[in-house]
């Protein structure tokens, strides 16, 4: 792979040719919108199964007059001339094509859950199927850039974090690592917009069923539970356990996460503020809101995560709140943020 | 007061004359709709400050052709001929008029928070003002009928429970009382429709600000925290402590509550099911949903509370979920349910 | 058939046994809710294809604890003991079973479009299939009760009007009949909630696709165009032509219709008011709003139609506006209103 | 004023200093978002009355970390160093400050209705107040760029078109000018998101009142009626008359407009397609959708207008449909488009 540097790209106008596999879902659409304004990217090919042969504007009329690419059927053996592949496929599909892509020396950023879980049995338990290329998980960089920093030299596979995990790990990780919170009393409640469920034709996702209602789902069984626990345990070196309950609410996009945890010893609100400041004070995409709870409307269509915190000093609890756009910081935006880091570009490129 | 019995009312057609003070808010509107179809009630007077002099149809065009009452200004000294008063006023106003009503031998069902908290200092702390008739709280029946049964003979003042408390107390009370849950690890997250905030002209409650967004509010400081703790402690005889976080979501009506708590010892999902069955098996308005989480759409416009539960046997946690209509089971419906009990009528009258 | 009269039913407690075929769609659900509170009706059987064998509470959890009927497969040859059948099937299905029902001396109220259009070719053109029992259309009573009065003696088949037609015909019919409007300049724009499209699992009806958007659909080709023209022409004895454009908007229920038409000669706003008063002054379910445009929220969950009108005296145009609940006055409510008339009951029974 | 050219700006990095007066409403917010990514603009000052002294991030938390300007009180006598002023004030306020700005040799783009209507009496009739500087209207460029082309040399005041007019004029103007439609049978129905009503704290704009409902408003009396008629008459040289009815629907942003008009003589669908192609074939922001009706979701957050058309050949009517984002093509986007033209920049700059 070329040793890209930002100045070179900008000066010489070289653009990285990228392909998107599964470009016709909601994450794929969000990804296309970001890549279209990315100064160092050329959208090479868009792959999609059901819509192969159609112009992108037929699937997303919003792209009419903006992007004229024809959607192609993906073939394992023809990986083409792209240097980077974004996989925006449902979980269970990336594992079928990633081995070939890596063999062909492509870089891959996988937005699905396929390469996130280090334990193949847990993958099978939560995703309901056996993994066919699980060994690659150990070569993958699981990355929330604000916590995990740059991927190592020569890395080729990024397991882009899940939407709920991003919203929960960023508020919790610094406080757990610095010993401000107990490891085993963490209660996470998340509310998600419907685009998080993907683009499906189901009765239960119809407007008439979703509007004016709310429901919890996959209680005690959501696949993001082991992802959150694994990431927090890895980051802190402790055995972190959480109770996570996702809810579906009548909004299109956005995740709102509320976390309650017991504080250790004599922790104060100021300690929490200081720890957040140390970890995130210079991170562009993390906004610290203090005692003012975040709101989804302030982050929607952006790559920001807003974090708030409130302390109950008598009960020795902290309530953490966070808001992200599930399709941006929770998927496509963070994927491009990871791409920027991987290619030596400024992290914020195309994400302002 | 007359010794009403249902059969007498039904046979002779006697109807209880009732007045509503504060009849032009969302709870007042819901109350009017229920009372209009109540076979044993005659709507006597409707009092409202800002709208005095107007026909009810001018304030609620939905009532045009259905109810023609003219809204009146309330006067402390003229309590009229009603036997029962529903107070649907913002907190802080009921305490000004209840003493006179009781002196005039009226029955009062207060939908506000004024007579719910037994400790005057806590009332002041959470409601932001001193109580002017707090001693009457000790004569009041604070009542969720499914738990607290019938009010005592000769009782005149009902402190109708709050919306969030109703949604949290009903799932928690039996499990805490029977020793299935720990007292001090309870985390309650609630999502409320906007009618819970009352009928206000504020920028922050405008459609443009609420739609497609979510926010937590009054984190660690909501006035329903002491109400929940007081009711659960009173019912169980234990010192119950909770962490409660309310959220505003873009729906008109409904409350969804998700509770996480540590289970004691070797409690199982079957134990929880059995306890719920014992307490609520014969209660018409409590529907036990088991491992199927409730949804707001199943309870909206009804007096039902739907309760679900899921056990994480490894982590020894239970996740309880409940759904109510904040204006019905969380306010006007429960008020009429309390009225029915108070007057010896079948609990479900007008609430089917 | 028995010669029912209201007083007899009420006194002796006789209840009409009714069955619903297609009881698991949105109209069927609305119908069940109304019939459950109908004092002269006993819900006999509920038929549904996909859900046969399930309890009604499994399909509509809102009915849990309220109605315990098991859904049955419909058999042409076993019409059972019901006296009346409501058909809440998609268009094209009623025509298959109505002939057998009429042979078995059942009364039928069909909520679909199958027996509304007098011209079999136009039925085929707009509904996309040939009619298999079109001759029965001529025995059917197409009825908006406020305009068409009571069905004739011995009538057995009611073609219940469509939702859009109800919202357009009621405002237009009196003004056209009395010669206040021109016949051929009528422009009708309607906005419908999504339940009007039926209960389907399609990508285009998903929350993510409907929320925050609007679209016109079936422009110039909607099947309600000939229904509106036929009904208005029949009522007025004139050749009435309309341009009708339906739109889908992000609400669950309700239809809003705005009509612009040229006024004849020197017609004034007062003339229009007077004509409406003459036709609808005593009609309970028609509310005349004058120059105050109706709003969907004032009619939702009711059988009312609210009608407003504004005159542009310079341009000699009238703008008529109407609002109904598409599932009540536009379907199930009007069906029960027709049932009440058919059985000699007060028109408002169960529809307050 | 400098004779800007795009290449010079781009090469030398000169940026036009612009100020926004009334920057804290919804149009102002949309304008700031566009200008922040405009390569040739430097946001100089933001003026606001109620919020003067606050950081922009306090009023719009979405701008936290992105823009740190402090909002200032506007003073007539201190117009500062900006070369261009965007006025995003409610109608009636621009006329107070524009005279001073023009005297100070500033360029002004006014988003309000103050300088759109050529007849001062009509301004007074529809806006409810006398104009204090109406003579400047005759110096103003009223401009929909796709129709009206570039403003003349030395022009200083742009009256940016209204949201409803933009959505109606663009579909109608070419067809009327080419004689395909009759001038006096035009019926326009528009549906608007709530941000079109501005940022107000009123009961009627609250979520609880708007959600799940629809209403027509200002029927026969909306101030955009004379604006549409004036613009169409000026463009076509004919006396164009329209009936326009606006509706409020539960979406945040977007306008959907449906127009019905009588076609002249033997006009066909192909004629209409050809005329649109001639006028708009090369216009980036106009997308011709043919018989596929546009949808708001395809244009929201963009400066596009999507236009569809359907012909009823028997009734000789055309139904035109259009969709725009009321805050972008209907306000801030078109304002920047006008700015780009005024400063010799490519029309699309910052509007992709």
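The letters A, B, C and D name the chains in turn, as written, and every chain counts its residues from 1.
Operating definition for what follows: contacts are C-beta pairs under 8 Å (C-beta built on N, C-alpha and C of every residue); 3 or more make two chains touch, one makes a residue touch a chain.
Nothing here was measured: the structure is a model prediction, and the numbers come from that model.
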Could you give the fewest steps needed to travel from chain B to chain D through chains in contact? 1
When the contacting C-beta pairs are counted for A-D and for A-C, which pair yields the higher total? A-C
Nearest whole angstrom, what separates the Cα centre of chain A from the Cα centre of chain B? 40
What whole-number Å value describes the gap between the mean CA coordinates of chain A and chain D? 37
Distance between the centres, which are taken as Cα means, of chain C and chain A, whole angstrom: 48
For chain D, jot down the residues that touch at least 2 other chains. 209, 211-212, 250-252, 295, 297
Touch list for chain D against partner chain B, complex: 26, 194-195, 199-203, 205-212, 250-252
Using the touch definition from the top, list the residues of chain D that touch chain C in their complex. 185, 187, 189, 191, 209, 212-217, 219-220, 241, 243, 245, 247, 249-254, 256, 258, 260, 291, 293-297, 300, 308, 310-312, 315, 317, 319, 321, 323
Within their complex, state which residues of chain D touch chain A. 36-37, 61-62, 64-66, 211-212, 284, 287, 289, 295, 297-299, 301-302, 304, 306, 352
